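Next come two complexes built around chain A: one with chain B, the other with chain C.
Up next is the complex of A and B:
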């Protein structure tokens, strides 16, 4: 029992260890302004991992993150005051982006469940389809946002913190409620742990799976709107690198790729670890190409730490 | 009756699983060139014993002596390399490999030439091994293309390939090898066993007494994990062995016969000409509230398939099933659940419980609707109701939040049964509800089954043993080759005899 508890706490331990090491090498790390910078950089990844965690808890995977974020960023940018279309919806563009994400998530889920295509393949394909649409619709050019009010979604501040952090915090709250207090959350764990028994007990497995992909799409859509607000534009490449960060954060946080074990809170810690690592490497002057290598190395170390090898008979 | 120089010996071997003593101080020995039969009812410990010999399970106490030395095999492969080959009940053939590749899997070194496998030499060697089992097939073809019986023969050929490749003795464990074979193939197998005796020792496990007596020199009877009888085959009789297998005189109290109902409520379940291709055909019966219907039959009689059909796991190919007069669809599990069927599967660990979830979460898994409002879980209602079931069924758990895997098998099974009672199933389909749980917990489960019947649940029971089916049921259907071969009423005081049932089963 004790070893299991230790394992569950490992990500937090890793986080503090990382902070300590970076602080030793770079005293600037432990400043309020740097802490806010870290939280701000974590905002979009946190929103993304909220959806991805449910998908992974179910034993599936969502690789369409970058596609959905990019397409939804383009949708958002086209609906607010911009240099390409005549729209001016302001913050009302956000619900449209979120819904668009949910819709793509529904396509993911329905294709996966009803055509019985592995989620890996479906979401990989749909992700590229979304990138393709985003590229084709704009002919490769970005949509520039000129709506300052909309950009406040991430750039403005409330109670001293950037608004993006508040949006992320609200997302965590909603995800936590779903995880802890709803039937959907419980079914996700049941399916991820033992789909056969869940099915035999009458759990609507298909419907749950589709809903979870919709949920992931909704969060990705929100992240798309946030990305558009942060960068002041929408284009097809706005999300590159997001997929790697998302999956890494979920796994580093301790959610098992095999499903059933983990939590959205774990993933928040996972995001902080990844972001702090990047931040620390920047502060320490590590060249960017080395940073990527370190991140890749980290995901393997984290997974090997999190695994309980005694219980694994077959690893694929 | 100690053999002069036993090849293989178990001395005072004990093996425990959580909540169950699977082997209790077992002593057996196998002489050189001897065929030893091992019989016992389901759950008597046969499979555990074999798995202990083959290195799958570790021995808790006692020792295994092979060729005069204490041994501890780390894995079936380790045992195999020492000369102890097991022919698995669940086949260990890898279907995507060829026959020859399967026979020599892990021993390709013999055929290496300049670092690559000489396929021609391997196929030729495989041909020699196949000839020993009289199987005429191309060693280069994929095993997936063979039928089940032929794959069984390949499995045996794999075990036999040890002969001539090892210096020491070869012992072959055959675990229920005949259950899927036709009579002709069984005769062939027995012929092979007799030929093999010249080169190896054989342990033959089966629940079919006639077969065991036919092929073995000596027989051990296992019951509740202990050896209760040992005899040479020439001195044994089927009836005598059977009494040893069952052991106790039928104890009426054990199956709570005093609580058996004589009168039933309204008819609830009608099964009309139900069929599944290649499994069973034209099954028909009616079942009333509070009635317990036992299904008896050997493996392959179709009763397991029928139970899974009612659970919505095997769609029927013909006929219909009605609950309260209304036809129900059984193409998917949730249709079966929502029509009123509660299926308790025989594979509790993989199908009955969700190990990661808590006791309460398992209990309310089916009845999610009732324990939530607008999708939000009603924790207080869940906690109180689950606690009341825990108290009523005396489920031994620290709390309703305890993870399912920390409960013993018997207590887990009570949770599975309570899941359907909480959901309010009208028909409980119990597929071996007492498999793998110890005697005390079995009695609790019997009590619970009686209680469910009292509440008006109609019960379809596939017992672990014939004794159990007879003791618990109001009525018994015997299935043979997918058809009902007999129907017995089983009122208290007028229970049919086991031998009556057996004669209709085989």
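Up next is the complex of A and C:
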């Protein structure tokens, strides 16, 4: 890690360049209230990329994000004071949602590792299963939350910032510790760089893979609870669009889909780039039918700037 | 090619069988079915429930087909149902895409099945050109109701100020119609109300949430009202306002009449929504189809206004929400056109 090169800073450069361009067109962009709005909109995606980054660092992929988030949002909404069930756990619903996410992650990981099914297919399938369960359990209707105390998880403020931002910051802290200070974190890089060498050096590849999917599930579960608090309800479609943002943010941040290269901090920058882009295009008044094109184009530019090609021998 | 031949054979067998057992035993063997996008949204879930209630009332077997947003799957399921029932089937279908309606009608006609369509069909496809199998097309006036709900928003704003508007998927017919109705209502104010910005959020509440946040930065207190092309996006915008402590002080309107939106209207946080009646479209669509199939009515003799008609969209505002909640929502399955609000008009 000693050889810090310019590439590693590229995502941050892209981020500041983007901010500069938007600020030129729309001075409001730099206001404190807008900064808070951007951080707030980033909170759930940041929690999601904390899990997704480890999976991608390992060279796998987790497509079950939307399914887990939706199912955990439904679980959360059903456990707090709501219009459908009789439960009233308040904030204690959050650990249940996180655990439920972890459990689904364990199914992802175990199926992937022990049945040797590619993570792409396993997580795609499990994601659909989760959406199916959420749909069948509710019959298409939302569970609406009436617990104001629980909704403070994202609506309330501490030290002037919405609580969602603090939850996201705590998630980044935890993920960073795991990445830098635990064996699990180092194993992930080893597996992502070269699985065969890692195995021969005694890295418990199977166990690490399962644990990483559990970790991704835990973060998705937390994101589900946050989504339920933010929108005041839980339903099967609550997470639609989250998967694209998550994977885009990880890659834009400079983490390679082939594994081994990247970091959770990169992914935080990736989320900020994606969110600032959405926010900025509305602020600059870019016509809606041009927005998607601009978004696609800028994402490719960001990725091509951020990727350190010297570390990438194979691109798939 | 093999599939085509097989399908043709099956359809002709189905057609022969259905003509063979025509009049006497026809009604006994009838299956009732509903086809729509998905069971994961309240509108379609209620639509299916409406159909199921009618099927129970006449004691006939009932099936739900789901396209999952895939026209091919939708058509394949309907084909399979028609051949499985030898054409002895009434289908109330919300086609995934407009062109699908033409294929469904052709298949039904060839097999002697009966079809009612909802919302989506090509403008030049008419039930009276496919007697008697294409029974009717039901829809809601997107432009008219959108105009009404926009007027409710303008009233709540005190008649003037800037609004921001959140649209659906740009190519969807309801999204286009609702946007048009909103623009017409704004134009009618003669410049007192101004559309600050229009952004599509693809019917998605999270997207609407993010767009609303950006608008708060761009326009701040100049936003006097929020218009959303459906309730999900309206709720997304409302939650973005709530985050800033502005829920209830900036009026929001949506369309669809979901429970979340109705509660927000009750709480004074939304200025209105349009309640469709999916129980009615689900139940009455099948009832009409059933009546045509069993000969209870001679559908070919009915006027055009009974073949292509709008249902009733109720504009619900804080002023009439109590009345709306306590209304008698039941209807008579044999009074087919009681809730029709006129023949469908093409723009």
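Operating definition for what follows: the second predicted complex is superposed on the first by the 296 of 316 C-alpha atoms of A that agree within 3 Å, B and C clash if a C-alpha of one lies under 4 Å from a C-alpha of the other, contacts with A are read in each partner's own complex, and residues count from 1 in each chain.
Here is the rule we use: contacts are C-beta pairs under 8 Å (C-beta built on N, C-alpha and C of every residue); 3 or more make two chains touch, one makes a residue touch a chain.
Given the structure is predicted, the values throughout are model-derived calculations rather than measurements.
Asks: Clash or fit: how do chain B and chain C relate after the overlay on chain A?
Replies: Verdict on chain A: chain B and chain C fit.
Asks: Considering only touches as defined above, state whether A:129 meets chain B (first), chain C (second), both or neither.
Replies: Touch status of A:129: no partner.
Asks: Using the touch definition from the top, say if A:257 reaches chain B (first), chain C (second), both or neither.
Replies: Neither partner.
Asks: Given the superposition on chain A, which partner contacts more residues in chain A: chain B or chain C?
Replies: After superposing on chain A, more of chain A is contacted by C.
Asks: In the superposed arrangement, does A:279 touch chain B (first), chain C (second), both or neither?
Replies: Second partner only, chain C.
Asks: Per the contact definition in the header, classify A:193: touching chain B only (first), chain C only (second), both, or neither.
Replies: In the superposed model, A:193 contacts chain B only, not chain C.
Asks: For A:87, is the partner it touches chain B (first), chain C (second), both, or none of the two (neither)?
Replies: Neither: A:87 stays clear of chain B and chain C.
Asks: Between chain B and chain C, what is the tightest CA to CA spacing in Å in the combined model?
Replies: Scanning every C-alpha pair, the shortest chain B to chain C distance is 25 Å.
Asks: Taking the complex as given, what residues does chain A use to touch chain B?
Replies: By the definition above, chain A touches chain B via 181-184, 186-187, 189-190, 192-194, 196-204, 260-261.
Asks: Can you check the complex and tell me which residues of chain A touch chain C?
Replies: On the chain A side, the touching residues are 26, 28-29, 31, 33-34, 37, 40-41, 83, 131, 134-135, 139-142, 144, 154-155, 162, 227, 230-233, 235-242, 275, 278-280, 282-283, 285, 288-289.
Asks: Touching residues of chain B toward chain A in the complex: what are they?
Replies: Those in contact with chain A are residues 311-313, 333-334, 337-338, 343, 345, 350-357, 361, 365-366, 368, 372, 375-377, 379, 419, 423.
Asks: What does chain C use to touch chain A in their complex?
Replies: Result: residues 38-42, 44-46, 167, 170, 197-200, 202, 204-207, 209-211, 213-218, 220, 232, 235-236, 239, 242-243, 258-260, 263 of chain C touch chain A.
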